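Letters A, B and C mark the chains as written, and numbering starts fresh at 1 in each.
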């Protein structure tokens, strides 16, 4: 709760200071917070680790680029979120029957499949990347992105502390036992999947408006999925502040490394992820918690 | 009509007949015992009733509702819950949280926070786990986890609870403690139990009526005394 | 229609089928013994391909010799991974559990590291070389020497491995470990040794496949992933841990892919592969699971 308010205040303060570089950084940080929190709504709660969240981001971006110019951008963003949620609803039932490592690899494969299909459609239409003109001002986009980050954080918090969240935790611990004590497993998983897809759809739309350029290979880049998973797992999945810590940390690191040494950034991402899974399973937030209690 | 009415249930796994034409009626408020050697089909029968396994033939009617084809969670919300022979606690949640989930979802009604707390406390009390409510379920001993299974079934608000070998793997002290717990639960006449037990003494003491399964078929049915004197049962059990 | 019936197409199908069978064979061996799906498997193919490329361009060592070098190099890597990482981890129950739960994400991290290390060391430029590329025509089927060599080596390694598993004592103990790990230990199989040698063999096979691929295709740091996906499709169709059926499924996939593309266009290759991948996982989740659980 406090975190959400702090985030909002922080986001509101930035446009006032107004350096374009700073605004760019905050936009990135807010974007990754929104994505990592949305991911945690499904994956941290149920233990179904999605390695395919890029698909929702990409669907959102695609819908948004198709709609821009025809309707106001606010509506296009809503449509992007709705399309991502709808996509999750359509594929959710069969996809969520698959468990464990197979779910991880399936979500990855599904995201890649959609990427290739969209690439194929675009090249069949003779389009090699779409430019969009007349995008809203950077401040406006920043406001929206910070809003999404706050919304995702509040959403993740609300889910964890609700009846819904208790059911999802039971599913994570033992799906058969959960079913036996009355938890409607299939329905809850599907709802969590849809909830975790919607905001990334809008984020994809916003990111598109910011770069004002759409290219399917980029919009559905699997690196997005991998970055989300790394941020959330390194930050820690047991608390709501975990994904925030991870997103802030890596987004800042990416500012340092991405433009000069992108490969090094990816290597750092991979090494940190492995080290945290093996040796710091509770993530940064667990570490911070421990230090906080000790001090 | 009986509280739980099972007619002509069969289950085939490939070439194996795990259950063939099993029928039984459980009356409200009784303890109904199921007996049989390993592989006799007891656990399969539980799985069929609770909706984990679809029967090849026959039907199960509980409290006037046909259960066949319903999901386990739906069946639980109708008031029928089972435990597992190989315990399945929500290991990473605390004992109280385990029960809270059951209370939140098991009855199919929205309960208030106060009611939830009361259900959880009552279930903890019933199986003597109140002092361990804040432990992670994984930290409980086997006997503790078996008790948790029972408590979780109670917390769903089930009217009929099926206990699958809650004494298996316990030492003699734990068995007698568990027996005392079950005796106490039986005093609560709102509950009906179907129990599967390998500890025959316990089954004889607890049950009002007993059905004996052998290789998926009913071979005897009656009160504990009748079963004790049954030729075919003696043959199967004592050679 | 004529092209569909030509020996030309059949030859192409056999060449790619044998490669898929080979790559999948390595993945299947590692899965069979470790019970972990190595999503970085395709990156070993990449390493094998670079080995062949540098060997021929810097030292003028022909790919036939590189086959041995790449196999040795990858086997060494397999040994390092097993001795350095897995032996210790799998021996500690708390770590083993974590490794299993997050295996896919862990291996994806390893894959990201390998790809970006290669990109850092060799740049992302695609490389290639010419070797045995004169066209030989036989019964109106024209083929290049390198494809013929590729088919020959891949088929020989696949069938050699199958014969080895069937007739050599080590092959028996390996099959015993795949089918009943605990029981195999009881009857005196040295689990540690079998696991280590199998991982070395699985990695080496991927390295060999890499050399074969390098003779006909472009080499890039990111070339490996599609091979991982193909290998997954193959071993899921063939049955996890079922080595013989996996080889057969590899050839089948080669046929399906080659004829599928001939009927449509090369642009559909990725869609076909990912579509098959998603389809197989969606349609047989129980099948895959029961197999994994039973064995």
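We take it that contacts are C-beta pairs under 8 Å (C-beta built on N, C-alpha and C of every residue); 3 or more make two chains touch, one makes a residue touch a chain.
If you want to know which protein each chain is, UniProt gives these names: B = ABC transporter.
Keep in mind that what you see is a predicted model, and the values were worked out from it rather than measured.
Common partners of subunit B (ABC transporter) and subunit C, by the touch rule above, are A.
Relative to subunit B (ABC transporter), the most remote chain by averaged C-alpha coordinates is C.
When each chain is reduced to the mean of its CA atoms, the one lying nearest the mean of all protein CA atoms is A. Looking at which of A-B and A-C shares more C-beta pairs in contact, the answer is the pair A-C. Chain geometry summary: the mean Cα position of subunit B (ABC transporter) and that of subunit C are 48 Å apart. Taking each chain's centre as the average of its CA atoms, subunit A and subunit B (ABC transporter) sit 43 Å apart.
Averaging Cα coordinates per chain places subunit A and subunit C 32 Å apart. Subunit C makes touch with subunit A in their complex at residues 37, 39, 89, 95, 98-99, 101-106, 108-110, 112-113, 115-117, 119-120, 229, 232, 267-268, 270-271, 274-275, 277-278, 281-282, 285, 288-289. Contact residues of subunit A toward subunit C in the complex are 47, 49, 51, 94-95, 97-102, 104-106, 108-110, 112-113, 116-117, 120, 123, 226, 229-230, 233, 261, 263-264, 266-267, 269-271, 273-274, 277-278, 281. By the touch rule above, subunit A contacts subunit B (ABC transporter) in their complex via residues 163, 166-167, 169-170, 172-174, 176-186. Of all residues in subunit B (ABC transporter), only 50, 52, 71-74, 76-77, 81-82, 84, 88-93, 97, 100-102, 104-108, 152-153, 155-156 touch subunit A in the complex they form.
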